[in-house]
Structure formats: structure tokens, C-alpha cells
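Next up, some structures in C-alpha cells.
What follows is chain A paired twice: with chain B in the first complex and chain C in the second.
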Partner chain A sequence: MTENILEVDNLRVKIGRKTILDDIRIQFKKNESVVIAGRNGSGKSTFLRCLANVIFPDRGSIVYNKGTTKEKIGFISDQISLFENLTVEQGIRFHSSVFHIEDFDYTLINDLKFDLNQKIKNLSAGEKTLYHLSLLLSQKPEILLIDEIIHTIDPYLREKFLEAVIELIDRYQTTVIMINHTFSEIEKIPERVLVMEKGQFILDEKCETLGEKIKSVVSEKEIPEEIPYILKRESSFQKEYFIYPFKEEFRKAFPHEYKELSLNDIIKAFVGGQYVKEGN
Partner chain B sequence: MFRYNINFSSPVPIYQQIILAIKLEILSGRLKTSDQLPPIRELAKILKLNPNTVAKAYYNLEGEGFIESKRGSGNWVNYKNIKLGSLRKGMLEDEFRNFLERALSLGATREDIKKLIEKDLTHD
Partner chain C sequence: MLKKEISEVLKHSIIFILVVLLLPAILLVTTIISDQSYFSVFFPVFQFGLFFWALFMGTSLFSGERRQRGIEYLLSLPYSRLQLIGIKTLPRLCAVIVFYLVFVNLYKIGGQDSAATTFIPFTAIYFTLFLLALSLSAFSDNFIILSVTSLFSLFTYYGLLYLVYWVASKIRSIPLGELDIEELFLLEPGLSLWLDIPKFLPLVAIALLLPFLISFVLSIKKFDVRPAKVLNKRFFKYFTPIFVCCLAISLLFAYQGTKIEYQDYYLTQDKKLIESNYYSKIKIYDGDKVYKTEKKFEYFWPHLVEDEYVYDLWEEQVVRLNTSNYKAEILYEPPEKRELTWIRWKYNNTIVFLEKNEDLSGAELVLFDLSSKKTTRIPISYNQLIDYPLPRIFGTEKSGNKRFWLIRSVHDSKYPILRVWEDGRTDVIGKTQRRPSFVNQMLITYLDDAIVISKDFEGGFKTIREIPWKLDLAFSTGWGFYLNNIPIKEIYGHGQRHKIIARLDLETFEVEEVGEFAGYLRYFHPGIYYFVETIKPGVSRNIYQLKEGQMKILKSFPDFDIRKGHSLRVFKAGIVFIRGKEIKVYAFPDLKELKFKKL
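Entry: the complex of A and B
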């Protein structure tokens, strides 16, 4: 198996009396692409910020692979402010001197047709994100942490953003860990999906095999009790059950058409299921 | 790039769809032996896929004897030892079974299907 690049053990974060992250234990592998989903306030962003060394945990450890120094960890969030008063070019020079980068790669900057003399504060939100990404690329990151920014960028820049991330995965075997709410566009990048709820991971599966473990079935009647489901969507003429964990023998116990789901639908079912639970 | 579109919402794994797309290109003659395939990174960027997915498809195609990967210079079509006739037959049978399943679920009889095929074939 590939080596772990990051090992998290017993991670706990409290804010006031509220436990945000609750004894998390998880490993990430080199070159793995992971997406973290979960409802608002579930602790996803706090977790990512811990990995990025922006928040310090109350307990537990986050151990990076030997050799993965701080500058090899990239963190992108729409809440990071760049050097607003510098121009695009000055920002690049400053960044290069701090991180000892001698051969800054202008490919992405040129591709986006950025005016090098423009002040960074005058860039749009999406442009700032891409600019930030191009700075991070020059550090050849071993880990890239992306916090829910896809939806803040317009479709053209989003495409450029995804292409740059793909380039990283292929060129430097970067491990990518991203938080996302909309999956349709990034769906084919992650290889592993995590769902967080109340500061813990309630799902940790490989995307490739997840489809075999969760299926939906539409029925007019209730399904037998032995079939576990995470979400039931009811309308006046039908009930749709999201079955997890799915077993082949359910086809015999309850012969119906079991539908395959896209990653987007699977995540919606998991996140939705948590709301329903709360309601009960 | 390929005539065959990758269907993101399909339950068929993406790497298998890429394999199928390349086989179709070969069967139709649009890809010939010694043609170069797009580099993994480029194809991943075009299709917005994880490069490991494309690599997996290429690796499988190489294992099946459709392509050859040369270290440092990329992936090349090379199906010298593949019998295209039997590949075509296999894929046609798969397609036909899918069609049959859908037709029967519409309530068509065997007679209906036979008539339909004959009608369409004579019209061509």
C-alpha cells in the first residue's frame, strides 16, 4: 500500500463548552484525493483548519510524513486575505522570496490573462482564488487543502481551477483534501469520500465501491424491517428509500429495482439523513 | 476528443467508460496502430477526471493488448494481436442485449422486435 502522508489521532477541538471535533482518528495517503461533506456546522472546516495548522487542537495529534514541511501544505479558503495592496507581480515576487522559489511558473497567471500591474485587492473573488492557487502551485505542495471555494468561482475560472488541481495531482502526486457542497462538477476528482456529523466521520468510503454499498429503491409500501436505510423520501404516491449498507440478499427479501446512485445523490442522502434524524 | 461521451451520471465506472470509448475509436478505424493517445494529464484535464482514473484505463487497455506504453514517450495504439472481429461481435452482443431488455420492458413481443429490425434493415 501507498504510504500515509498524514495521520490524525484522537483529535479534539472545543470552542467554549461545545465539542467541535470529537476524538477523530484518520489517515490520508500520498496522492489520494478526498472530499469531505457534511451539513453546516458539522466540523468540516474546523477539521481542515487543524490540518492546515491554522487552528490548534485541544487534544490529539496531527502527524505529517517526514519531509512534509509547512510550505508543502497548501490551504485555500475564501477567508484568507492575500497581500491586498501589492500588485499581482509584486505579490508573486514577495511570495517567491519568502518561499525561496527561483522559477515561478507563470503558466496559470498568463493563461488567465492577469494584468501583472493590477492591485490584488482589485481582483474578483474568483480571480483571487486562482491567484492564490498559482502561488501555492509554485511551492509544489504535497498536500492541498481546499475549503468550499468551488461555488464562489464562476464557471470559467472553476474549470481552470479544476485543471490546475488535476495538474498537481498528476505532476507532484499531491494529496488533495477538499470540502464541498456541490458535487456535480468535482465528482470525478475524489477517490474517497468522508461525511462528517457532530465532529466525527460517519462515512469513510472509496468512491469506486461506494455505489455497491448504497442504492435507492422506490416503493409504494414500507420496506421490510431488516433492510437498513439512511433516508426515506416520501411523497403522496411513493416512498424512496436510500439503503445503506446494501446487501445482495435484499434483492430476494424485497424484489424491487435497486437503483444505482451518483456520488452527488449519495452525499445528499447521507447529509439529508442527518437532518431527518435530528427532527425525530 | 472521443465520439463517445463520458457519462458522469452513469453507474458504469469512468475508467471502464474510457476503455470502451477507446475500443470504439479503434473499431471504427479512427484510431490506428501507432497513433498516439492523449497524455494522461491532458485527458484528465479535458474530461475533469482524476488522473489516476485515466491511468487505470490506460493500464487496463495495455493489459488487454490494445495499447502500448513507452516509458517517457506516452501511450500508443497497438492492437496487432487483437482480433477486431471478435471484439466487434462481443460489443454488438452487449448493445443488443441492452436494446432487447428495454424493448421487452416496453411490452414488445418477439414478433414486434423481429418486424422492427427487418423493417429498418430493408429501408437502409
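Entry: the complex of A and C
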């Protein structure tokens, strides 16, 4: 059984009087790639920042595997946070000295033809993201935390970014935890999906089994009460139910066609379900 | 990381140096300031600039990263928060110290004349501002808010410092002015490098700074990217209890540091021992018992004893202590904005003293009648008297039917003598080279080469004898305080440069050398002289009585040592030897030791 690289227990974060994360208990395994989704303000970024040591929890613990030092954790913020007054070269030297990197990997930098004397602040948002990733790649991180950043990058750089992440996972058995909403772009990456709502995880499933656990059914009639669903979409002609957790016996109780869903649709259903509940 | 911080601080230092170097040049070139040397404009600009430098160095701890939006990157670096603070503070602290050392050196080589503020207050504000700003550096994301908060904290801090000393002085019933604490708040240029600051002041100052610094260290351990109010809440959670503790500690230090302990003793004629201390009740030891006055006095300094009454020398009022019923009584208080000069004299039933305005003008001789409690005021219009803060009354006599009072002052190392008549007339009798005396209705004055004895013959003082004498000798009835003319046979004196004790026979007017002078003479009215001899400087004392040209040793104190705080007091009634906590009292004439049980 693969060992846990990270264990989170009883995690709570408050900002002012508002509880952002509440009693989170979760483990992450080595070389696992995880995607976290959830509606805006659900606490995803705060959770990632806690793992990156950028936010201190008010309560609870985050325990890394022995040997996983802070030097082996990489974090790319959705805010694109770098020392922007430095040049590309100065930034590399600074990062190398702080993280004790002896052989900085210029592959990505050279691929993208960065001017080393250019100030970081003059790079585009996408270039900054790739630049930051290149810094982290040289760090050979055991854990890579990526906040919702992919949507800011153009398709070319996005492809480069995702290739680099996949290579990292393959070469260094890095655990990648990323926040993303659009799974079409990152379909190759996640093994596990987490959905967050009001500071808690409401879904924690392996991708390979997720398809079995959530189905949709379209009907003109109401479904029986014993069948749980996370989202109901209604039009004047029909109703569409997103059933979770799905069980085979539901086919007998309510004989209809149960459709498989793509990862993207599953996440949409969960996030949409939160909005509907809020409306209720 | 440290290299990056150093290079950032160096960049800021260069900008600061350029500003403080160029600004005076611009002021001079544009003639906004003219007719001054570059240095005299540069130095105050530099000194004021240093306040901003300290403020900026303190508040800029995270401002660079915030400006570059790099705070998340910074916090994700493999350092603990305390390591980050250490790395970021060290170069800033060094820069603050380096510029301070530059300031100190420039101050010494001529900056003192053009300094904008006094040295000690500047030093205190400079470092306090830096530390306060540092401790509040995570208080807000906004540099202006941080600066305003730091300055506000500085004012609060100084207010607290003042308050702590104010409370300590109130508890001790000491006027705050006595503590010299105001010196710390004066920003006038030209004061000396070091001030006579109260004991433990640095400890009080540090104790009041600690809540800021400790709360900062404790709260910064969990510093993160959440809004500043999260950190501030944590800061105040630590700050409040630490502040209460440190305030209490600082009060204790201030209370301890304001202890003005200067116990002194006076032996009365009826063998009672009076103990005086600053801002305390007077204690009177009488055999096995001890009594205290009801009222506290700034410092009751007995000097004039008559019957059961002891009069004070020091207070702003005329105070008399009754040693029979142990009650202290304020006989006279000067009107508002008037003050008494130092000593009070007594003639028959009248207390005589000088009074003046706070600005030394409006001098008056005041006669206070002890029976009727009425005062008679005689204005004195003589500039040389009022210029000198300690004029002395040294004699009184009647001429015709009018009484006059002799007053001496000091001017240009000479002693002008003034005769003030009871009807308000003032005569300037002349000047004498050394301190004059008035005994047996005779005025003793000095020329460079003679001692002059004069007498009043209704038309004025006329010389009755001129004794050739070249040594710098002055006869003394100093510390007599009684102006009643009781005839005496002899008067003793000593020289300042020529270390001799001499006697003047007041019948034959012969002057004779009695012995070598090393120590001091004590005179008690009428005609009683003692000589306290210093055998070695600082240690060992012998006490002699001077009578009829003879020096008779009364008692030796070989273990006297001034370096250990010993002191020896000779009174008309005996000798008090203070050796630390041990007080020994010997009564004249046989010098038998008196025991006071509760002493």
C-alpha cells in the first residue's frame, strides 16, 4: 500500500468571524494526482495555502511524511506571486540559493525563449506561470500545489505547462494537488477528485470509480424518494437527475436509462448542486 | 535570501544618502536657505531624515514583497516565520546602527552646533521608532497606515513613559520635576551628550517596549496572507496581558528608581536626633522613642535651634519643628510667584530672610515677627544683589534710632556689602576681597594686603584698625544664623590658597596662626569653633575645639571613609557619625555616646 505523504487532521481556518475551513481530515498518498473543485469561496485556495504553509490553520495539523521538508513543496498561487523586481536570471539565482538547487533545469526557460535579463514583472501572466513552474521543477518537489491558474494561460503555454507537470509526476513521483474546474484540459492528470463545499470535502473519489458512483437519469416523472440525487434540472418537458451515490438496485426501483457522465459533467453536477441547495 | 535583503537595504541607503546630501544643496542653491554653510544645513536635514529612516526601515519589513505581489512566494520559501523575520531584520538593524554611528561622529565633529534636536532624546526616539515600527510592520498592508500607526504608538509609548514616572512620583510624593524626566522629552538643540537621567530609566523604557516586541514575535510566528486584522487580533491577544505585566514591572522600576534616599541627622541641644529624608516625614528620635511629623517635607534641613524649636534651611516656606510636641509648623509662605532665598536668620523674636520674584527681580528683606506673625517688607533695589541667587544677611545693628541689616552678595569674585535700613534706605558700603563678618558691632572686611576692622559711627562705617595681612584669609561666623550681637572674644578663619587656620583676637586685634588647615571649620553662636580635620583625602577625620588659640583634639574617627558613604556631622550639642546604616551619636562636653533604640 502506498504511504501517505501528507495527513491533514481537524483543520480549521477562520478569517475574521467566518469559518473558511472546518474540521477537515484527509490524507494524500505519494505520487497521487488530485484535483480539487468546488464553487467560488468554498475554501479550496485556503486549503491549498494551508498545505503550502502560506496560511497557518487556527486549529488542527498538517503532517508531512518524514523527509518531506519545506524545500520539497512547490506552490503556484493563482495570484502569480514572485519577486517581480528581479530579472529572470536573478529570480533563478535567488530560488536556486534558497532551495539549494545546484543544477537548475533551463529546459522550459530555453523552450520558451525567455530573456534572462528581462524583469519578471514584464512577463505576461502565462509566462510568469511557466517561469514559476520552471523554478519549482528544478526544486524536484515531492508535493506540487497548483492553485487555479491554468485558465490564465494561452492554449500553447497551457499545453507546455501540463506536459511539464505530467513529466514531473512521472520522473519524480511527485504528488500533485491542483485546483481546477475545467477537466477537459487536465483529463490526463487526476487520479482522485475532491469537491469542496463550505469548507468541507463533500466528494472524495478515485476517478476510475467515480463514473460508477454518479449517473444521470432523464424522466418526466419524479424519482422515488429513496434515490439520492445531487442536482435536479427541470425543463417544461422533462427532469434530469444527477444521482449520487448510485446503486445498481436503483435500476429496478426506477427503471430508466442511467447515463454515464464525463468528469467535467460530474464536477458541474456537484458544483451546480451546491448552488441549487443554496437557492432552496 | 540574506543577500537579497542586504542589497535591498543598500539600495534604500543610497537613495537616503542622496536625498540628505542633495536636499541641503538644493536649499542653498535656490537660496531658500542662504548665508549658511553646507554642513549647518545638511546636519539638521540629516538628523530629521534619520527619523524617517528609522521609521522606513521598521515598516518596510514586508512592504517590498507586498509591492511586488511576492508575499505568497516569500511565505512559501523554506524558512520559518521567525527565520524570515531574523533575515529581514538583521540588515535593517545594521543600517539603522550604521547611520546612527555616522550621526554620532558628525555630532561630535561639529554637528552639535547645528543639531536639530538634543542628543539623548534623539537617540531614544530614533531606536524606539525603529523598534515600534518593526513590531507593527505586519499591522497593515498600507505603508501610510503603518507610518501613522508607528508614530501614534511612539506618542503613546512616550505618554506611558511619562505616566509611569508621574505615578511613581505621586506615590513617593515627589514633584515630577525632581526626577529630570522632562529632559528626555526636550528636543532643543545644544544640550550635552549625556543627561542626568533617573536611575533605571533604560529598564523602564525597555519594559514598555517589550509588549510590542514580544507580541510581534509571538504573533508573527503565525503570520500569513490573511488580512492584517487576523494578525492584529492575535497581536493584541498577546499584547494585552504582556502590556499589563510590563506596565507593572516598569512601575516597579520607576518606583525603585525614584527613591531619593539621603538621610541626614541633626542633634538638638536637648539631645534629640532629627532624621530628614527627601519628601518624607521628619523623624525625631528621643531616647527609646521615635516620633514622626504628620506632614511630609521636601527636605527638612535643621540649622537654627532655639529652645525647643528647630528651624529649616531648605523649604520654600519658613518651617519650624517643635521638638517637645513633635509638630512641624509652617510659619510663613511666600506669595504666589515669589520665592525665598536659601537661608533664614534669627534676631530676637524675628525671623529674617530674603524674598524675590522667580526671575530674581523684586528682592525684599522680610522680617517675620514670631509673636504677631506679621511681616515687614523692605524692598532692595540693588542689581548686584538680585543677580546672585544666594545673598546672605550677616549682621544687624542700630545706628541712631534706626536698625540696619548687612547683606553681602558675590560679584566678580568680590563681595559687595549692602546696608538695608528698616525705613527702606539702601547704602552700598563697598566691596571686600573675601567674605565679610560682623561681630561685636565690628565689620571685618579684606583688602589684598590687609584685614580691615570698621565700626559704625552713625555717619557711616569707619576703619578702626587695619591689620597688614597678605595671605588669603577669611574669618568666619558662617552657618551662625543668629544675628544677636552677643560679644565674643575671638574669631577664627582659614585661607583657601594658604592652608592655615588663624585666630583674630577681638580685643587686641592680633592675628595668629593656629595650625594647618585641611578640612573645615564649624561655628556655633556665640563664639564656639570646631575644626574637622581631614587627615588623608576621603578617609580619617579628627575633630578639634578651637579656643583661646589652642587646638584641642576631641575625638578621632580613623575608620571614617567617604568612599563608603560615611559622613560626619558636628553640631553644637555633639557629633553624629553616619557609617552606612550605623549611626553613632556623641554628645558634648564629654562625648558620651547617646543611644537611640529605634535608630
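Criterion: the second predicted complex is superposed on the first by the 278 of 280 C-alpha atoms of A that agree within 3 Å, B and C clash if a C-alpha of one lies under 4 Å from a C-alpha of the other, contacts with A are read in each partner's own complex, and residues count from 1 in each chain.
To be clear about the criterion, contacts are C-beta pairs under 8 Å (C-beta built on N, C-alpha and C of every residue); 3 or more make two chains touch, one makes a residue touch a chain.
Remember, predicted model here, so these are calculated numbers, not experimental data.
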Fit or clash between chain C and chain B when superposed on chain A: fit
Angle at the Cα centre of chain A, taken between the Cα centres of chain B and chain C once the superposition is applied, in steps of 10 degrees: 160
Which superposed partner A:Lys121 touches (first chain B, second chain C, both, neither): second
First (chain B), second (chain C), both or neither touched by A:Glu208: first
Touched partner set for A:Asn31, first chain B, second chain C, both or neither: first
First, second, both or neither for A:His151, with chain B first and chain C second: neither
Contacts of A:Ile55 with chain B and chain C, given as first, second, both or neither: second
Minimum distance between Cα atoms of chain B and chain C in the superposition (Å): 26
List of chain A residues in touch with chain C within their complex: 15-16, 49, 52-56, 69-71, 73, 75, 77, 79-85, 94, 97-99, 121
Residue ranges of chain C touching chain A (in the complex, touch as defined): 1, 3-4, 64-65, 68-79, 222-227, 229-230
Chain B residues within the chain A interface of the complex: 8-9, 11, 13-14, 40-41, 44-45, 47-53
Partner chain B, residues of chain A touching it in the complex: 31, 33, 159, 162-163, 166-167, 169-171, 184-191, 208, 211, 260-262
